[in-house]
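Each chain carries a letter (A, B, C, D and E) given by its place in the written order, and its residues are counted from 1.
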Amino acid sequence: MSEQNRVPTLLLLPALLGLAFLALPLVGLLLRTPWDRLGEQLAAPAVREALWLSLITATVATVLCLLLGVPLALLLSRTRLPGIRLIRAVITVPLVLPPVVGGVALLLAFGRNGVLGRYLDAWFGITLPFTSAGVVLAETFVAMPFLVIAVEGALRGIDRRYEEAAATLGAGRWTVFRRVTLPMIAPGVLAGAVLCWARALGEFGATITFAGNFPGTTRTMPLTVYLALETDPQAATVLSLLMLVVSVLVLAGLRHRWVGVQ
Amino acid sequence: MTLDANLVAVQGDFRLSLPLTVDSGRTCAILGPNGAGKSTALRTVAGLHPLSGGHITIAGRPVDRLSARDRRVGLVFQDYLLFDHLTVLENVAFGLRARRASDVRDKALHWLDRVGLADYADRRPRQLSGGQAQRVALARALVTEPDVLLLDEPLAALDVAARAHVRAELRGWLADYTGATLLVTHDPLDAMVLADEMVVLEGGVVVQRGTPAEVATHPRTPYVATLVGLNLYRGSLAAGVVTLESGSLTVTSGEEGEVLVAFPPSAVGLYPARPEGSPRNCWPVTVSEIEPHTGTVRVRLTGSPDVQADITTAAVAELSLSPGTRLWATVKATEIRTYPV
Amino acid sequence: SSPAPGTAKGEINVFAAASLNKTFTQLGKDFEAAHGGTSVKFNFAGSSALAQQINNGAPADVFASAAPANMKQVEDKGHVSGKAVNFVTNTLRIAVPKGNPKNIHTLADVVKPDVKLALCAEQVPCGAAAKTVFGAAKLTPKPVTLEQDVSATRTKLELGEVDAALIYRTDVQADADKLDGIDFPEMQSAVNDYPIAVLSGAKNAELARAWVDYVRGEHGKELLAKAGFTVV
Amino acid sequence: MSEQNRVPTLLLLPALLGLAFLALPLVGLLLRTPWDRLGEQLAAPAVREALWLSLITATVATVLCLLLGVPLALLLSRTRLPGIRLIRAVITVPLVLPPVVGGVALLLAFGRNGVLGRYLDAWFGITLPFTSAGVVLAETFVAMPFLVIAVEGALRGIDRRYEEAAATLGAGRWTVFRRVTLPMIAPGVLAGAVLCWARALGEFGATITFAGNFPGTTRTMPLTVYLALETDPQAATVLSLLMLVVSVLVLAGLRHRWVGVQ
Amino acid sequence: MTLDANLVAVQGDFRLSLPLTVDSGRTCAILGPNGAGKSTALRTVAGLHPLSGGHITIAGRPVDRLSARDRRVGLVFQDYLLFDHLTVLENVAFGLRARRASDVRDKALHWLDRVGLADYADRRPRQLSGGQAQRVALARALVTEPDVLLLDEPLAALDVAARAHVRAELRGWLADYTGATLLVTHDPLDAMVLADEMVVLEGGVVVQRGTPAEVATHPRTPYVATLVGLNLYRGSLAAGVVTLESGSLTVTSGEEGEVLVAFPPSAVGLYPARPEGSPRNCWPVTVSEIEPHTGTVRVRLTGSPDVQADITTAAVAELSLSPGTRLWATVKATEIRTYPV
């Protein structure tokens, strides 16, 4: 116990190197930040609006990812359909596609002239692009693979016999899932949700392309940062840090509440 | 709620074939070495492993095509598989909630009380000792009032002291239980204490069945003989003499033909020189292993045939036994049981 | 035949190039103040992204592009109502860090081997313009990078990664306390027009026209000029 | 076994919905792609160059992530330093930071005037921006958190007693790690590496900001796609699909070789 | 290569305190109920759990401050913990490679051959039966020639038939082994067969130690008594009578003071009415449980004191025993052993 906790000395160097590599850019940002402008930015209603919009959409996107992604992960890990390889490939698409192209693809699918979008518009009068719903959609598209891959890993790791035990006790597949499988994979789902939320929060390319950049409805923090970079680079740094601090606080809070690790 | 089944199942290269009938309120023990197919048999009955032939009928109702949840079968796994994210009470309540029973909490608490764990209702399974976990697993299975109860080595994970105690408890609960019970075990004592009938599986097929007492006294394979601690041989009997593969034994039976012969190690006498006297069987042997037990010592001897003897510690000293010592073994013909193959 | 101020009501969506961000946001506020009951919403992004959006059915009333090419993409699909007009132009300047440490004064100075130069990629307007000016000057630039837009180019300069960059006058202006702009004769050979147009899909064409007029009116001209644009 | 393999019917709907949601944009792209232009694009040396650069840099970045990220994950999961929370927060930074800001931060750290970069330049004459090494760095920065989080999860999941068994057999910490821990977490590492590679391959914002965009040295596929979008959206679609196909082929190949799952 | 230790260790609320000396070539068995601290003791010796007091000396060398790898201790875990990603041969070779030995392959193959698994060298551990895995784990530990061998319930995962066999094998290997061995087990038979000395732990402290025979015949706690199948009481002896908490027993000892008294269940006679005769101890009892064993039946009885009796199956029928039957129990004073607390 005691001694096994320690990391091999040979690995300490790369570990610290990796840490330094990730931390140094942050230090750079912190050094350059005009701290006196933080208050001013925080006071700006547009910034608060964007921050709020970002948090809301990222959270809704994460929920959507959970609702669609967990079942999808289950499908991937539990069936032996012949097409499973294709499904797996489809899931990695949003990972590899540059986000801007992802946004174009979303427009092609859900835009007013899109494959599905044209019917959504004609039949239900629903248009998704350039709305907050569109932001959520773009973020969901980009973030879902992270959730699916994390949850699939968790599903492969659990002892299936617990599910069998539940079945012999009279639980149907749904009950087994809800009361046994889900609690068992909870840590994996949480890790996936964290990745997913962080990715959604930082999403830029697909959002601006698919949902546009309207203050109040689709201008999230990364878009605000983008505009600030155009005209006021210092403000961009302040805004990024603001976003960073908020997200770290949220994630730390989550971890503390739900995992109890550390 | 009789269980009537012919379990034919395949698991990789392995093939199980086990016809089985267990009446309501009766317990059938399945014994066998590792990999004999005991767990596979239980999983097949429970609907967790597909039947590749044969049938399963519970209380007259064919259940072959039903899913595990609809078979009304209670399965207690060797390592219990309690749900660690639920409290002890919720573990017991699980089956009731799944079946949308009423008064779930009361019923679960009642069963927890029956197994003597009412005080542990709010604990997590990992905070229980092995014996307590075993009782919770049993309560979890029994609370749903299954038609058939399947126990996979229910006592294997317990220490010896707890095992004796839980075995006695289990006996009480099985006595109250009105369904059919299938009990998988490695320990013949479990079978003796708990079962009405015993089936011995080896390599997926039945090698012996009968009441525990019958099986214990008339083993038909070396595995069963080791299990019950008897010397067992196979040979052909003619004119009161059984000719074995190596050596022969004089017996009291008048039958003829292929037989099994068995006698307990305690029936074997050991002498430093050829004794004169009544024992009809007397042959030279060499000590290969000495194993002290409580009170007695078991000595394994090579000869024609090989044999095991139980003697007192005093005798060991007197004969100054050690591996390699040459002795004469005697067995009275009246101590030897013979029975047809 | 522009409508009298105050008659048009409601909301419009203005799709505008990101470089118009600051000026248009201010203009929008002033417009709303001047025209009670109106609301101007902006969608700022790269001109090509905006063109893509409009061509894919985005709810846009006005398009203000930083490049005629992107306006043409929209016109080609028949999304422009009437005709696009150029409302400002932007010209390239040589931008250098404050104090001009490398002593750069002409276009010929930026192609010296010891000067790290950042340009925009040819595919985007500022890059096309840079190509033109170098062509006019008969110089072959050796840039270390071809950035995807002006602000990225400026970021490189601002952080000291390059010694000089060719960026728009407006962009130099926006970061005036860190950068110096240098005019050079060839810059006039690549004047970049900013066209603006009311779109055929406009839900509120009347207000859209009022906005275009406002941009091209006195106040608009004043603000745009302040930002560094050359008002047409 | 048999029956537990199936997914609860209630979950089939969201699973398929999720799948459709991910697949539809792809369909949109496929429908709009001018297939006849595929050959032309493939023939263009600039495209082949960019594709090759992308594959190389993403692979090198993944290797770098493995070398630094696995030890870092070990450090995170095996020590109880008081500062571990901070370290954890630092690791999520690249996830949340909009990539362009990430690029700016990298410049502030490793650029010519950066915190560390100024010494690299002055002492060793190393400048990272505008080089292929810079591309690798940017991709590593953005992709590493995915690897670290995946590997940390895997490390928390294994039975530590195997490591103890190895120690009693005379294995030092390094041998234990190399011969026991690493083989045991291999599936988790592979999953992390896949996420990491895909993220690195699709990286755009940080790359262009930190490393710039010069044909042959720093213009990766996503950058090529972005520029194509400016002038020739159709070509951009073709290029995206090309990149997609290549990455799916690579990932499928990997999965097949190393995991043997499906 | 004597192991001399005073193991003081803390695990959550639990505290272990175990002084221990095992000479070269000797085996010490540690018995105790679940949670007694047996595994913790082994882990402490192996260096996997920190010592919070006391000391550990191996072959005269203090190892307290050494890491697990430097203690030259071989540990065989209850569930073996074979490395599944390595072949059987590479598992055995692991320790040699870690210590950079020469002729790794040959030595590993030699040991695999010694445990009779030379043919299995290229298999994966998961393809082995429990008994085979146990032998591989033993070979893996012994090939590094450890100064101390630690076995944590080495036979627990085996079936009964395999257990008897592997126990005999283990006996052979331990006889050849020149280091000190610590053997944790739940099964007194293992201790009888394999150990020279026996330590009984309960709740982290030693409640009894001695040779297996001494412990078996003179249990000092109810746990040990159950383990070895004796009736055990504590009371104060005066004038040939031991006064128990409930009831009293006449004995033949002339000592005085606090004593333990023990007698085997077979020494108890049961009668439907109060018998006239020589047995000096006779008291009324009620049947609470009946447990048939091979040949005999164990009857648990409540009374003053409670007692267990072994009687023949014939006697059960004759007395028509069932729970609740009232009887008289007798024990001859000469059958009762007394010994000081």
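To be clear about the criterion, a contact is a pair of C-beta atoms (placed from the backbone, for glycine too) under 8 Å apart; a residue touches a chain by one contact, two chains touch by 3 or more.
Please read all numbers here as calculations on a predicted model, not as lab measurements.
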item: Best-connected chain pair, where connection means C-beta pairs in contact; value: A-D
item: Farthest chain relative to chain B (centres taken as mean CA coordinates); value: C
item: Gap in Å, rounded to a whole number, between the CA centres of chain C and chain A; value: 33
item: Geometric centre distance via CA averages, chain E-chain D, whole Å; value: 55
item: Multi-chain contact sites of chain C, meaning residues that touch two or more partners; value: 49, 52, 155
item: Residues of chain B engaged with two or more neighbouring chains; value: 47-48, 67-68
item: Touching two or more other chains - residues of chain A; value: 3-4, 100, 104, 107-108, 114, 164, 167, 172, 226, 229, 233
item: Chain C partner contacts - residues on chain A that touch it in the complex; value: 100, 104, 107-108, 111-114, 117, 127, 129-130, 208-209, 212-215, 218, 226-227, 229-233
item: Contacting residues of chain B [partner chain E, same complex]; value: 33-35, 129-131, 158-162, 164, 167-168, 171-172, 186-189, 192-193, 212-213, 216, 223, 226-229, 289, 291-294, 300, 313
item: Touching residues on chain B, where the partner in the complex is chain A; value: 43, 46-48, 67-75, 77, 81, 83, 85-86, 94-95, 97-99, 140-141, 144
item: List of chain C residues in touch with chain D within their complex; value: 46, 48-49, 52, 69, 118, 121, 123-124, 143-148, 152, 155-156, 159-161
item: Complex contact set, residues of chain C against chain A; value: 13, 15, 18-19, 21-22, 41-45, 49, 52-53, 56-59, 151, 154-155, 158, 174-175
